[in-house]
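Below you'll find the structure, written out as C-alpha cells, and then a few comments.
Chain lettering (A, B, C, D and E) follows the sequence in which the chains are written, and residue indices restart at 1 in each chain.
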Amino acid sequence: METIISIKPLLAVLVSLLVTPILVSSRASNVRESWTFVAAGLKFLIVASMVPAVLHGSQIVYTIAEVFPGVAIKFRVDALGMLFALVASSLWIITSAYSIGYMRGLDEHSQTRYFVFFALALSATIGVAFSANLLTLYLFYEMLSFATYPLVTHHQDREARSSGRKYLLYIVGTSIGIVLPAMLVTYNLTGTLDFSMHGVFSGTEPRATIVVLLLMLVLGFAKVAIIPLHSWLPAAMVAPTPVSALLHAVAVVKVGAFSVIRVITGVFGIDLLSRLHLGTLIGYLAAFTVIVASLIALSQDGLKRRLAFSTIGQLSYIVLGVALLSPKGLIGGMTHIAMHAFGKITLFFCAGAIFVATGKKNISEMVGIGKRMPITMTAFLIGSLSVIGLPPTGGFFSKWYLVLGTLQAHQISMLVVLLASSLLNAAYFLPVVYKAFFCTEQEAMFPNTVQEAPLWCVVPLVVTAIGSIVLFFYPTIFLNLAKLAIGV
Amino acid sequence: MMGEFMQAVIAKYNYWIYITLMMIGLYAMIAKNNLIKKIVGMNIFQTAIILFYVSIGVKKGGTLPIVEHGHGAHAHAVHAADYLNPLPHVLMLTAIVVSVATLGVALALGVKVYREYQTLEEDEILARIREK
Amino acid sequence: MSAHYPTLLVTVPLLSAFVISAAGWVNKRWCFPIAVAALGVSAYSCVGLLLKVADGGVVHYRLGGWPPPWGIAYYVDQLNALVLCVVSLAALINLIAAKKSIEREFPEKTAPFYTLYVLFVTGMLGITVTGDAFNLYVLLEIGSLTGYGLIAMGDKARAPLSTLNYLYMGTIGACFYLLGVGYLYIVTGSLNMADIAHLLPPLYHSKAVLTAFIICLVGVWVKMAFFPLHGWLPNAYTFAPSAASSLIAPLMTKVMIYVMIRLILTVFTPQFAFGTLLVSKPIVWLAVAAIVMGALLALKERDVKRMLTYIIIAEVGYMVGGAWLGNRAGMTGAILHIANDALMTLCVFLAVGCIVYKTKGARFEDIQGLFRKMPFTMAGFVVGALSIIGVPPTCGFFSKWYLISGAIQAGQYGFMVALLFSSLVSVVLFFRIFEIAYYEPFQDHHGETHTHHASLMDEAPLGMVVPLLIVAAGLVVMGLYTGGIVSHVIRFVIPKGLV
Amino acid sequence: MLWQLDLAVLTLVVVVGIGSIMVKDLLGAAIMFGAYSFLMCLLWSIMGAVDVAFTEASVGAGVSTVFFVAAVFRTTRRTKD
Amino acid sequence: MKVVGLIIALLAGSLLVYATADFPPLGDPNSPASVHVSPRYIEKTMEETDVPNIVTSVLADYRGYDTMFETTVIFCAGVACFLLLRVYRREEPQERLYRHVLTGVTIHVKAGKLPPSPDFERIDSAWTPHDLIIKTICRLLIPFIQLFALYVIAHGHHSPGGGFQGGVMLGASVIVLAMSQDLRTAVRRLREKADALMCATGVFIYAGTGALCLLLGSNFLDYSALAPVLHVDPIMARSHGIFMVEVGVGVAVMGVMIWIYNNVSSMGKYDEGL
C-alpha cells in the first residue's frame, strides 16, 4: 500500500475554517452566501481530488503535530474516510443552497452566526473522516459537538435551551465521561491510538478489560444514538430544518456511526472481536435500537420527530452491519452511511420545504399536500423508498448487503430484525405519502393558494432525490470504497 | 534520665523560647478578632523566626562578626571559629526589613478597613457585610 | 548580551519600576510605555533564555561574581525557563490589555499601580529564576507585598478586608517557608538549592529535614491556596481590580506550584519526597478533595469572577496531585499544566476584565445577552472555558491527558475520577454562563426587551479584545505544540529516577 | 554572659509577648509590642548579633511602634480581645 | 476560632519541638551551619572585600542581591501604602483650629476663612496642649540624630550599622519632627514629591550600581568591575561598591519610612498627623 504525504487533507478541513472570518466580516448577505458556496465547492473539489489516489489503494497522510509519544494529531485519508468525506462535502453544497432558501424564506435572525457555525461543523466532520487515530477523531468529534450547539439552539428560546442542555448532557457528558477515560486506558495499555486493520490491542489483555473498553467506546460516542443514549436526537430537532437535515441526517449522527466503525475496525480490529465473540454484543444493542426506534417512530406525529426516530433506527443499521464482522455486513454498514444520507436528507429537505411553504410541522396536518406541492412530495416518496430500502434507490444496495452480511455471519435473528424493521419503515413513511396524494377534496387541508416552496428550497431536494436514484444505478464508487476499506 | 532531659532543655533553650513565641504569634493571628491584634501577632510570629535564625548563628567561643584589627592587619590569620556565624545575621536583617514592610502595608490596609466600616473587629465587619 | 539573560529578565523590570515611580511625578503618560518596554525586554530575555537552555542545557549565573554556595547563583534549567516564559509573556499581554481599565479605575494613581505591577512581575520572575532558597523568600515577599497593594485597590468596601486576610495567610505561608529554609540551613549549613540537595542524602532520616520539608510544603501550599488552606483566595481575587486579578490569578498560584515542584525535584530530590517519605498517597487524596470541593463550591457561585476563583482552587488540586503522583506522566502533566493553566486563567480573566469594563460587574445578571453585545470577548472566553473543561485542541486537554495518564499508571483512580468529574462540572459551570449570555435578553435602562434583530454590539476597546484573542489563539497553539514542549523542554526536567 | 540575665530577658520576652496580645487596649498593645521588640533587641545583642539588634532597635522598637501608634490613633483603641 | 487557633498553634509547636531534637546543640562550633559556608565569609572578608564588618560585606556583597531585593521590598511597601491610602480629593473640614502663639488661646475658624492675625498657628483638629519643651528638645535633637545616622551609614564597614539602620534613623528624625511639631511642618521640609523621588532614587542607586557592573562587562553586582572607573584595585572597588549601595539603601529606607508614616498617620490626606 502506498502512502502519500500531502497537505490536502488539512486543506480540506481548513477550507471552511478559514472562510469563517470572511463570513463574520461580510455585511451583505449575498457576499456571505457566495463565500459559503465557494468554501463548499472548494472543499468538495479538494476531497474529490483525492479520490483517484484512494481508489488506487493509496493512503494520503498529513501529520500536524505529535502531541504525545506515539500519538499525533494526524490525518490519514483511507477508503472509509473518503467515503464519508465525499458524502458530507457533496451534501454541504446542496445544503448551503437549501439553507439560503430556508433562512431567507423564514427571515431567520443571526444568519451570519448560522453560516459560520455551519462551516465550522463541516470542518469538524471532514476532520473526523480523515482522522488517523482516536485522539484526532476525538478532537474533531468534540469540535463538532460544540460547533453544532449554536445551530441546534438557533432559536434562542426556552425550548431551544432545554434541548441544548439535553444535547450537551448526552454528547459532551459521554465523550468526556466515557470516551476520554476509555481512550486514556487504551493508550496506557497499548501506547498507541492509531487505527489499523489489526487493532491496537495485542490480544493478551484480559477479556473483561476489552469488553469494558469496547462498550465504553461504542456507547460513549453518543452521536450514534444507540438506545439508551438516543434522546438527544429528537430533542435536537428544534433546530432549523437545514441543520437537522445536514447535521442530523449526515454530519453529526454519521460522525457517531463513523466513529463506531473506526472503533470496531480500527481500534479493536475485526480479528480480535470475532475471536472474542464480541460482535454479537454490539449487534444485539443495535438490533434492539433498530426495533424500538422504529416502533417509536410509528407513534410520532411531528414529521421531523418521526424522521429523527427513523434516523436512530437507521444509524443502528450501520452499527449492526459492522458488528456482524462479516465482509458483506461491513460493506453494507459502510455504504449505508452514503445511501441513508441521500435518502434522509431528502426527507428533511421536504419537511423543511413544507414548513416554509405552509408552516405545518405535524403529519396529521398534511393531508392532501401532495396536490399542492407535487415536486416536494414526489421527492419525499423517493427518499422514503431509499430509507426503506426498495429499488430504484440507493438504499436498496446497502440493505441488500446488510442482509447478505447476516447470512454470511449466520445471524438469522439479525436477518429477522432487518426485515421486520424494513416493514416498520414502510409503515411509518408510506402513509404520509399516501395521505398527501390520495385524499378527497373535503379531506384536503390546503387551499389553492399554497404553492411549492421557493426555488432555493425545491432545487436541492430534487437534486438529492435524483441522487438517491442515481445511486441505485451507479453505486460503484461507494461500493468500491467500502470494499477497499475492508481490504477485499 | 531527668538530668539528661534537663540537659537537653538547657542546651537548646533558645529554640524552646522561639517555639513558644511562634505559637503565641500564630495563635494570635488565627484566634484574635481584632485586626490590629492580628498584626501584632504577625509581628511576634516573624520576630520568633528571627530569634530562631539568630540562635543558629551563635557559636561558643565566638565573638562579634567584625574582624578585629581592621585594616593593615592582613598578616593576622583569621579563624572562623573565633567569630560568630554572620550569615544568619545577614538573613535576619532582610527578614526584619520584610517584617516592617509587611507591617506598613498591613496597617495601611487596617486603616482603610476602618475608614470603610468604623470598626476593627472582624465579626462586626462581617455582620456589617452580611446586612448589606 | 545573551550571557546576561538570566539577570536582565529580572533587573530590567526592577530598574524600570523605579523609573516609572519617578516618572509618575513628572508625567503620568510616560509610565505605561516604560512598563511595556521593560516587560518586553524581560519577555525577550525569557524567550531567549528558553531557547538557549533548550539548546545547550542548564545555564548558571553568578550574581556579584561569587561562586555558589557563597554567593547567590541563578540556576536555569528547562523548568525555570518554561515558567519564566509563561510568566513574562502573560504579564506583558495583560499589561497591554489592562491599560484602559487601569486608567479608568485609578486615574490619579496609574504610576504607583504600574510600579507595583512591574515589581510584582519582577518578584514572580525572580522566584522562578533563583537558585537560592533564601533569595526565593525575599522575592516571594516582593511578589506578595505588591500583590496586596494591587488587590486592595479593587472593590472599595470589600477589597481591603479580604486583602488583609490574604496578608495574614500569605505572611504565615512565607514565614513557614522561611522557617523551613532555616531548618535546612541548620542541618546543612547552606542556602543554595543545589548545594542543599547535594548535602541532604545522608540526612534523609533526620527529623529536622522531615520537618523542614513539611513546613516548606505547608508554607507553599498556603501561598498557592491548596485546598484546606484556600480560604483567602476567593475573596481576594474576586474583589481585586480586573487588571490585578488577571495578573495575579494566573501567575501567583502557578509560580508557587513551580516552587513546590522545584522543592521536590531539586532541593529534596524525588528519592526523598516519593521514596523515603510515604506521603504521596495522602497528598493526592487531598488534591482529590481540592478538585472536588473547588468544583462544587464553584457551582454555588452566581458571579463569574468568583466562580473562576474556585476553579483556580480546583486547578491547584490538579497540579499538586499530578506532581505527587510520583511518576513521569504525572509530573509532566503538572509542569505542563503550570504553563497551560496560567494561559487559560489569563484568558478567562482577561475576558472577565472586558466584561467588567463594559457592564460594571460580572454577576450572572450582568452577562445577559453578551454573545450579541460582545461577541469577540465571548469568543475568547469560550476558548478559555473550553480549555479549562479540557477540550482538544486547546492546551487544557493535553495537560489533563498527562495527569490522567499519570493517575492510571500510579493506580490512583480516585484522582482520575476527580479530574473527569471536574471536567464535567466545568461543562456545567461554563455552559450555565453561556446560556445566560446567549439566551437571556439584554435588559437596557428602560426595561425593554430588545428583539433579536436589533444590533446592540458594544464591544470592549480594541486594546483589550486583541490581547484576549491573542491569548485565546495561544491556547490552541500551545495545545498543538504540546509534543514539542514535552519532548524539548519538560522531558529533561524530570529526573531519570522517575518512571 | 550572666545566665541569670539571659533567663530574665527570655522570660520577659515571653511575658511581654503574651501581654501584647492579651491587653484590651490597642495603644497598650502597641506599646507592649515596642517593649517586646526592645527586649528582643537586648536578647540578640547578648547573642552577639549586633547588627540585627541595632536594626531591631531602630525598626522594631522604633519605627514599627510609631507606625502602630499612628494607625491606632487614626482608627480606634477599642478592642474586644 | 479560639480552639482552632490553639490546636493549630499546638500542632505546629509540637512539630517544631519534635524536630528540635535533631538540632545540633546551641552554640556548637562544629555544627554544619558553622563549618560549611560561613567560614569563608569570616576568613576571606578582608582579602576579598576589605570590609572588617563581616555582616556588611556579606549583606552588601556576597549576598548583595538579596539586599537589593530587601530594599525593593521596602520600596514596595512604601508604594503600596501610598497607593492604598493617599486621597487627592481633599474634603475641607468644617472648621480649623488656630492657636495664638503668645497667649495659647485656641480659636475655631470656619472653612475657607483666615485667622484674624498672622500670630496664629494652625493646630490639628484633635486638640493638643502647647508644649514648648518637647518642641524645642526635638528641634535640638534632630540634627544630632541625623548626624549619627550619617555616621552609622558611613561607618558601616567597620562597626555595626549600615545603610539600613542609618536610613531608618534618618527617617525617624523626620518622623520625630512631624510628631513634635505637626505633619505639615515636616511635609514642608520634605515635600511628598521629593520624598517619593528619594525612595525611587535610593533603590535605583543600588540596582543601578549593579547594572553599571553589568555594563562594565562583569556580572550583575560584581563591584570589582568598578575598579577602572574608581581608579582603585578590584578589592577596594568592592569596598567602595558596598559603600555606594549602602548609601542607596539609606536614602531609600529614609524616604520610605517617612512616606509610610505620613500616609498612615494622616490617612492619606497629608494635612493632620499624630
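Here, a residue touches a chain if its C-beta (ideal position, glycine included) is under 8 Å from a C-beta of that chain, and two chains touch if they have at least 3 such contacts.
These numbers come from a predicted model, not from an experiment.
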Set of chains whose contacts include both chain E and chain B: C, D
Interchain contact steps from chain A to chain E (minimum; 1 if touching): 2
Reference chain E; chain at largest CA-centroid distance: A
Relative to chain C, chain with the most remote C-alpha centre: A
Averaged-CA centre spacing for the pair chain C and chain B, given as whole angstrom: 29
Chain D and chain E: spacing of chain centres that average the CA atoms, whole Å: 19
Centre-to-centre distance between chain B and chain A (centres being mean Cα positions), rounded to whole Å: 70
Separation of chain C from chain E, taking each centre as the mean of its C-alpha atoms, in whole Å: 32
Multi-chain contact sites of chain C, meaning residues that touch two or more partners: 134, 138, 141, 145, 148-149, 152, 160, 179, 185-186, 191
Two or more partner chains touched - positions in chain B: 13-14, 20, 22, 24, 26-29, 33, 55-58, 62, 64-66, 87-89, 91, 93-94, 97-98, 100-102, 104-105, 107, 109-112
In contact (per the touch rule at the top): chain pairs: A-C, B-C, B-D, B-E, C-E, D-E
In the complex with chain E, residue positions of chain C that touch it: 4, 7, 11, 14-15, 17-19, 21-22, 25, 61-66, 69-72, 108-109, 112-113, 115-116, 119, 122, 126, 132, 134-135, 138-139, 141-142, 145-146, 148-149, 152-153, 160, 179, 183, 185-191, 199, 206-208, 210-212, 214-215
For the chain B and chain D complex, residues of the former touching the latter: 13-14, 17, 20-21, 24-25, 27-28, 32-34, 36-37, 39-41, 43-44, 47, 50-51, 54-55, 57-58, 62-66, 84, 88-89, 92-93, 96-97, 99-100, 103-104, 107, 110-111, 114, 119-121
Touching residues on chain E, where the partner in the complex is chain D: 53, 55-56, 59, 160-162, 164-165, 168-169, 171-172, 175, 179, 257, 260-261, 264-267, 273-274
Touching residues on chain D, where the partner in the complex is chain E: 50-51, 53-55, 58-59, 62-63, 66-67, 69-71, 73-74
Chain B residues touching chain E - in the complex, by the definition given at the top: 8, 11-16, 19-20, 22-24, 26-31, 33, 55-62, 64-68, 70-71, 73-74, 77-83, 85-91, 93-94, 97-98, 100-102, 104-105, 107-109, 111-112, 115
